[in-house]
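See the structures that follow.
The following pair of complexes shares a single chain, subunit A, combined with subunit B in the former and subunit C in the latter.
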Partner chain A sequence: MASDNANLPGGKITFLLFFALVNFSFTIGIHNDNFSEELYVKPFSSGHVMFHFQFTTVWNVSIDKPESFQHYHLFPKSLGDVLTTYKVKELHLSQTQGLWKHEKWGYPPEDAPPGDELWVWFQPHSGVDQTWADLVNALSGLFCASLNFMDSKSTVQPRWSFRPAGLASEFYSANSRFVRYSTLPREVVCTENLTPWKKLLPCGSKIGLASLLNSVKIYDGFYHSLGVHVRSVCQDTQCLTPATELKQTLTVVYDPTTNKNGKQDWSFQSMFDRTLQSQCPLADTRKIYVDVTTQETLPKFSLSPVPDFVLNQKRSGEERKIAVYQIGNHLSPSSLNLKAMYEEKLTFSNSSLPPVYANRFVTGYGLERGGVTCMIYNTMSSNTTVIFMETVPWFLRVYFSSLRIENDGKEIKPYKINFIPAKDRANPYQMELVFRLFANSVTKITYSFERAFLKWTEYPPDANHGFYVSSAVVSTVLPVASQYTATSQSVSLLEESFSDSSSSFFLRLHTETLLVSLPTPDFSMPYNVICLACTVVAIAFGSLHNLTTRDFTASDPSKRKGLVAKLKSFFKKEKESPENKPDSKEEEIPSQKDKDNSKSEEKDSKKKDGNSET
Partner chain B sequence: MGLLTDPKRQKKIVEAISKYNNWLCVLCYLSGVIGFLALAYQPLNGATYFSENALLPGLVTNEFYAEINMNALASELKEEFNKEKRKVPREWIYNHLREIGLDTYIQNYSIKYPLDIAKGQNIPGQNVYGILRAKRSASTEAVVLTTPMRPKDSDLPSTTGGIVLMLAMAKYFRRQTYWSKDIIFLVSDHEQIGLQAWLDGYHDIKSEYIVPSDVMGRSGAIQAAINLEIPDGNIRYFDIKIEGMNGQLPNLDLFNLVVKICNQEGVDVSFHRNFDPMDAQSVDGYVQSVKTMLEMMWSQAAGTPSGNHGLFHKYHIEAVTLQGIRRKNSNYAFPLERTGRILEGIFRSLNNLLERFHQSFFFYILPGTRNYISIGMYMPPFAVAIWVTLKKDQENEDKEKKKEKEKSEKEGEEDEDREGKHTEEELEKEVEELRKTIMDEDVEEEAAAEGLISIMPVILISLMMGVFSYTGPDFITMFLTTF
Partner chain C sequence: MVLPTAISFVCGVILRLALFRSSLPDWLSTKTEVVTPLTSWGRAMEGLALHREGISPYSGDIFHESPLMLKILGFISRFSPNTINLIFVLLDIIQGMILLRIANTFGRHMLLRQATSVKNYHPDAKKNLLRKEDLMDLQFYVTVAFSFNPYSIATCLARSTAVFNNIIILLALYQMLKGNSFLSAVFVALAAYISMYPIILCVPVAVHYFLMSRKGGMHYTDPTAVVSYLQILGVTFMSLAIMLLFSMLFVGSWEFIPSTYGFILGVPDLTPNLGLFWYFFTEMFEHFRTFFICVFQINVVIYTIPLAIRLREHPTFLFYMLLYTIGIFKSYPGYGDVGLMFALLPLWKHVYQYMRNTFVTVCMFLVCTVFAPIQYYLWIYAGSANANFYFAISLAFSTAQILMATDLLFGFLKREFYLHNGDKHKLPDGTDAQIILDS
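Showing the complex of A and B:
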């Protein structure tokens, strides 16, 4: 370390200071940061198994002071630089492939919508929009994702749904000026996103739990989600000094019942095609937890190797049994291949439903109008208040008047509405509704929209695929922790949240993304031919119409007019005009005589016309 | 300047046309009809081709094998059907779909019968369906495999083969890792009414007569649907049905796909129970093509869908029906497993789709399974035939104009003789009066023609149409065979 820092620029004083620091750190033997790696395995009654990896780095420096982000140890420098340059206070990025099925699997440790989602709280400063634009470009390079497409057309400032998850003053968090939220529902997440994500880990991907992350097997899973969450937390219980927490999560869900014997058996070897051979020496906590609550109910399963101990988790009435493995205890003599063997084949049954979940879908048919319906289910025996947030792209012209919240046929009045209409090609519709969900009921939110015509250059190459509408977000506070697995807000590690004694649980869940088709021109050869033909007709029409409707009169070719003749006739006209043909000048003040003349002429002509007509 | 502006030539042409007008009309009509029928002749129409490259039909080898004993399942299902004559074994299907591991739902609906027989009665119905959720997909797209449930005492052929096959396919499909779209396995009740209720429910559309329940499991936008009408075993060949509501047709690519995959598996396909002629250029071959073509048009003209697939088209979901035709004394029957491989091929192709079906034709006429007549080809003869009515209408107008002209000319001459000088107003008045008199005469003429005689032609024509619709296209083909 000393040799690393020896070539730092600076005078004597800094060098001395540095020496003192090094001495300090060596004598006491601690850095001001720590790292922990955890794996949480949870089998579901639907036959799926979730593996949730969580890598947490807590650095005892404040994110509010960018100058303190200098001597990196465990915290990734590439990310730290981005955070300080763009004045980030809190950052949450998720990259997901697949849809979390709340009805079957309960709540995930980190809820994420299909595609990419990014929400950021910035340090108070002016020009947040510009900072956001720069930040998404930087992150897009860092995570190899199309985050740079999160422009004003898809970015909103949620007022109530996305409050800071970490430390923040009440005054700051009440102001939505510094928050930006955006999603890319179409983004496909793959290996190229996993690799940069792994590079942020202090131990890399060769040792420790991260060595299990075999991209071939992970992307064969049913669902997977990458997450990067940065927030500021308390250093100790007194919370006098803030620290910065980086939480990297990877959730992957497998469906082992599709194998030949139909059993829910899982093991590291079968799920990741690898076994765990090492542990990260930099980590303070290295643990694996397996949810064994259902171990004794049918179908029974046994774990091998035997866990170090079984923890009884009690979270607001919900009792869970967690088998805990200290990785270090199981690496010798051979590598760790954690296995669960089931006694019987799985019989599919209806899984118990979570307290609150939602479904959303497109309604109607045809390419002129449509609608969106979101059903929010409350299976608890108590009422609860939810915040429903929806971002709709501008090309679906939402009729605000059609927005209805219904419960069992009765309309519900929301407590609060935050509706910001879209501007074409500038910003999306933003809707935030706060309303009550009644006990044991289904609440239906509906609205209709008109499908806009895009300009022909605005269509993507696969115009007929349809256009994506990002997930709606439902936020609420649950009084029970039934099927709740997220880490508590006050702690950093999964381990700590198992012994959580709070009585309310913040829940944020994402609904399905929607695929809506817009009226699309036929971008094909016949279409082009028609366009071309129409253009030709439009050009030719004028002259053809002229030719066919004009009355042609024969002119004497002998009276061809040269310049001299023209002049002559011009003078002739001058002479004749006062008597016969009224000149333009004289038309303005026609004499009585002229008027009479012209009248009689008109009469004559009309008479002729009339005769010829009849 | 050309024909249009030269009054002399114009006059000549007009005269010539009006002189031979009737003959011209007959000629046009005949040439239109003949031209239309001639399109069925193979060298005059086009061979079908795939417009949508993403389909990649038949690129993979189909590997479907039934993990469950389909014969045993079929007999079990038959027993269930035999238990009650009028009921369908929904629970049995529901349990089996769930056992396989699909998200299984039952959709309730009620029919309010609008006609007198059972007016005001609510008839309940239930559709059973399972959704196979594709790995890694966000349930934004789906394809549907559907089959109707028919109770024992139904007049229509049984579809137990389709149901059994569907279960076997669901089990096989769940194992596969390549699905990018959800697959919905739907068993519908009450034939088309049940399916309509399901589609209405899925798209949340309110109807006065079919009331689907509010809550149901859903997937994303449905891209395509295949409807199966397969009796148990002894299938000789497949008949493809495409005509939907109001004559709407599915995209030609889907039809081509089904034909191609069937051919690849060595299964015969027919269209309106007509096979492709061996020698399409022979007289027999031509007659068969014409027959197929007219039968298709006939079925479209009726406006009713020829199968459950027809209800999908309204929602911009391309759909066809595969009907298994059995022959009693046939040794050529093929096992249900081969049908499974066909379906696997079709679904894997649909799975490849990146966009909705949009490339190929939506307006076409089929004289066989491998030839098509596009809208660009059948519209010109049709236009020529229909031009007759326009011409006749114009002729009538011209006659009237002539009459007017003659009369006004006569009176005009008289006028000039009587009074050389007319004021403008008087002239206008006279013209108006003249018009009135002409109009009155017309009205009188029409009034005279009224009565029974005037509606006789209409009655006669409708009677003839009735007879014609009864004899149908058979008559035309019979007539054609004579030469």
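Showing the complex of A and C:
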């Protein structure tokens, strides 16, 4: 297992340098930072097209030293201040609407779960929980998202799944004390999140690639994901001094076949309702890449304008052809409207499956018990080890004893288990399992839970909609780069990862979120319930009080009166008291009934009866 | 009556064994009326699974048994499922045996008490006196009430850990009747250690201890009396403290206290049951939650004081009444508590003739027992009812228990009155008088 861990990102502390960075630092002169904007377009065999925007700022100062983090140039000051104030070492935020379909689309450049996901490595200091609480509040304001709801009820400290993605010492990254991970699966991402995200760009949204980001069209897409990733990287090959990298990504997936007469034709004009008019003058790299691997297979397509050159990307296990555009070469005489024209209609076919992918769903019926099943598929012909991480809210009481990992009906013993049970209204269930996926097989993880009954104030509005459970995270290291599009860990730009010669590829997958209904009380009843329950207590209290404080006595049954007579005597007493003298007429009527007793005796006994009946 | 007793005892055991072969145990073990978060076998097994994995079972919110129970259940869970079923039948057999002993000792105890106090009785009360023959039948009735009591059977089949609590409470009662007050106090401490509320049972034990050693007309507030109360209280709390200390040494920290007693007192788990807490605190306004938790928890124990004063001459009946108040008002009541009450009910069959609401109460019990699972199903599975339906049933069930308890107390007090004053009461003018409660 130790060797598996060493392959994970945190295990690597040294990174290869990318040569471009050195060149840029010379050209910028007094400012030791640089900025690049890239767009990666990839058509899928399902008819969808992915546009992945990546804006990378690298600043040659260390994030660990707040005193050097002061003279901002390209790096956004609003974010930089937050990072230094809250002692952040590494920050990864994603805001996603929709679900990435791994079976159809392969792997995205940045995998993200539906909703918001935030994981942060803090610099070593005490009181990380408080810093995290302050940080999420600050970020919540910065990104207009409900990140402030990432409280202890939804925050965990993953031990193995989320190692630092950038520079970190082995000692630091082995300790999960300084990492916090949280998700908001219910969060809706919209233009209010895109606007603050665009404001972090040095060129703003009016110029350069970011001018394509027309929110009306982006939120028309099948899937879109905003990302902000801050990490430490090396300044040069020796890696003596660290730099800080801010990577802002936006991934959007469209389905052009629906309104293009069944053809997969796409263009900037049709997808974004805009063409590219300008380039960001602050950027050093301004490039567009289009994946043209499938250009010659059916259905064929042609690009216009013609790319500057076509790059052959060779990553272990896969060869891809990438058409490259230098934006500056295509802006004159007219603006750039990159388009792909398909010769034929799209024919749907089975796309090749990615090496590892996962599905997850809720099992059971009724609102009392239930279960979760996660199927992890390995389509490779070799075994691989995965880390499965799951965060379940406290109100689904997960039974650890029901946890099973099965492959072909055979139970698999996990190598390592990290299970932290939930505390009611305090922290969630956290589960991390490390186990082997056998070649060409499906591994099934199941566990059962019991639904808790919440207080009426703990239900969200529309309580019967249900509660979301955040995505499970599957982390592994792939030996092949089949359908793998992420930037390599050791470099910053997409361009640099096209010439990647490594033989292991770190993969993080997010499964579906789950929607679980909980039993609801009647929200309109609080007063009634309080009254009724207190009545029952009062019955007990009254009866026991009566029985324990009174004695049995013998009384004359003829003196005991029915309800009507009691009421009469009650009202008579009421009348008597204000006048302060007995009414002779009324007095006579009862005295005629009980001729044995004198008037005064009658009065006394009435009072006595009235008391005893209470 | 030895033969019918033996037959009904054996029948009860066979009935349990036979039902364990049906699908009933699985169904019952998920019924919230039968098992509570405190007594659920499934939750206990989850705690053990965590314990075996090296995770403290008290770090989560599923397991709420005390450390001693963790040890005992850990031992039991090593056996195969069938053997575990047999163990639960065996535990019920033990309960039945203790009940037989209690019935036997109770008869002698009552006759002895009657013999000492008969000189204070009214001459007319002769026919109300207990006779030896009646008390001989007690064993039979108690056995029947336990063997065929659906609440006890359900508790056994659901493998509810309330069985352990019941055994210890019965042992405390048995030792009290036998006159071993100190041993009884230790059992009370053990019951309190498991489920907290039985701590109030040390009051009847203390009163009984004083009555046994009373010489002449010594008063209840004499210094000697107070010393004897303090002796019992001291034994109870000392043994409780020792048990808690050993538990701490066993699990290595005090974290089991908030997870067990804190869980009982704070009522964080609002799983429906036939008690008063769950829906009340589901619907409670957040401002008043702490206040009402205090009120409801004090409500469980506050009845000890008036009952102890009123029933000072009758600690056994006081013990029984306190079982009622615990069973009705505790934060997570289950059928285990009801089963215990019904099993001991035949001891007071000489009081039945003075009770007034037996028919209504029995009907309420029947209706609630039948309707509770139906309403729960309609709410949770079918979705055609809501929480209020089940809440109504739980209120009615609590009311039925309250009616039964107060009716029994009424009957008991009335019988005492007749014993001391005779059952013929004439007014000065010669007509029959009516006996009523008066201040």
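Things worth noting here:
Everything that follows uses one rule, which is that the second predicted complex is superposed on the first by the 490 of 614 C-alpha atoms of A that agree within 3 Å, B and C clash if a C-alpha of one lies under 4 Å from a C-alpha of the other, contacts with A are read in each partner's own complex, and residues count from 1 in each chain.
Assume contacts are C-beta pairs under 8 Å (C-beta built on N, C-alpha and C of every residue); 3 or more make two chains touch, one makes a residue touch a chain.
Keep in mind that what you see is a predicted model, and the values were worked out from it rather than measured.
When the two complexes are overlaid on their common chain A, residue A:P299 makes contact with neither subunit B nor subunit C. Legend: residue contacts after superposition of the two complexes on their common chain; A:H465 is shown touching subunit B, with no touch to subunit C. Contacts of A:L547 after superposition: both subunit B and subunit C are touched.
By the document's definition of touching, neither partner reaches A:G141: not subunit B, not subunit C. In the superposition on chain A, A:Y365 contacts both subunit B and subunit C.
By the document's definition of touching, of the two partners only subunit B reaches A:T373; subunit C does not. Contacts of A:V529 after superposition: subunit C is touched, whereas subunit B is not reached. In the superposition on chain A, the residues of subunit A contacting both subunit B and subunit C are 365-367, 520, 522, 547-548, 552, 611. Those residues of subunit C that touch subunit A in the shared complex are 30, 42, 45-46, 49-50, 53, 55, 59-62, 268-272, 276, 278-286, 296, 299, 303, 306-307, 309-310, 325, 328-329, 379-381, 383, 386-388, 391, 395, 398-399, 402, 405-406, 409-410, 413-414, 417, 421, 425, 427, 429, 431-439.
Of all the residues in subunit A, the ones that touch subunit B in their complex are 47, 97-99, 101, 104, 114-115, 185, 219-224, 255, 257-258, 347-348, 359, 361-367, 371, 373, 375, 442, 444, 462-466, 468, 512-517, 520, 522, 524, 547-548, 552, 603, 606-607, 610-611, 613-614.
Residue ranges on subunit B touching subunit A, taken from their complex, read 1, 4-5, 98-99, 101, 103, 133, 135-141, 174-175, 177, 203-205, 214-215, 218, 220-221, 314-316, 354-356, 358-359, 408-409, 411-412, 416, 422, 424, 427-428, 431, 434. Taken together, the subunit A residues at the contact with subunit C in this complex read 365-369, 394, 397, 399-401, 417, 419-425, 452-457, 519-522, 525-526, 529-530, 532-533, 536-537, 539-541, 543-558, 560, 596, 608, 611-612.
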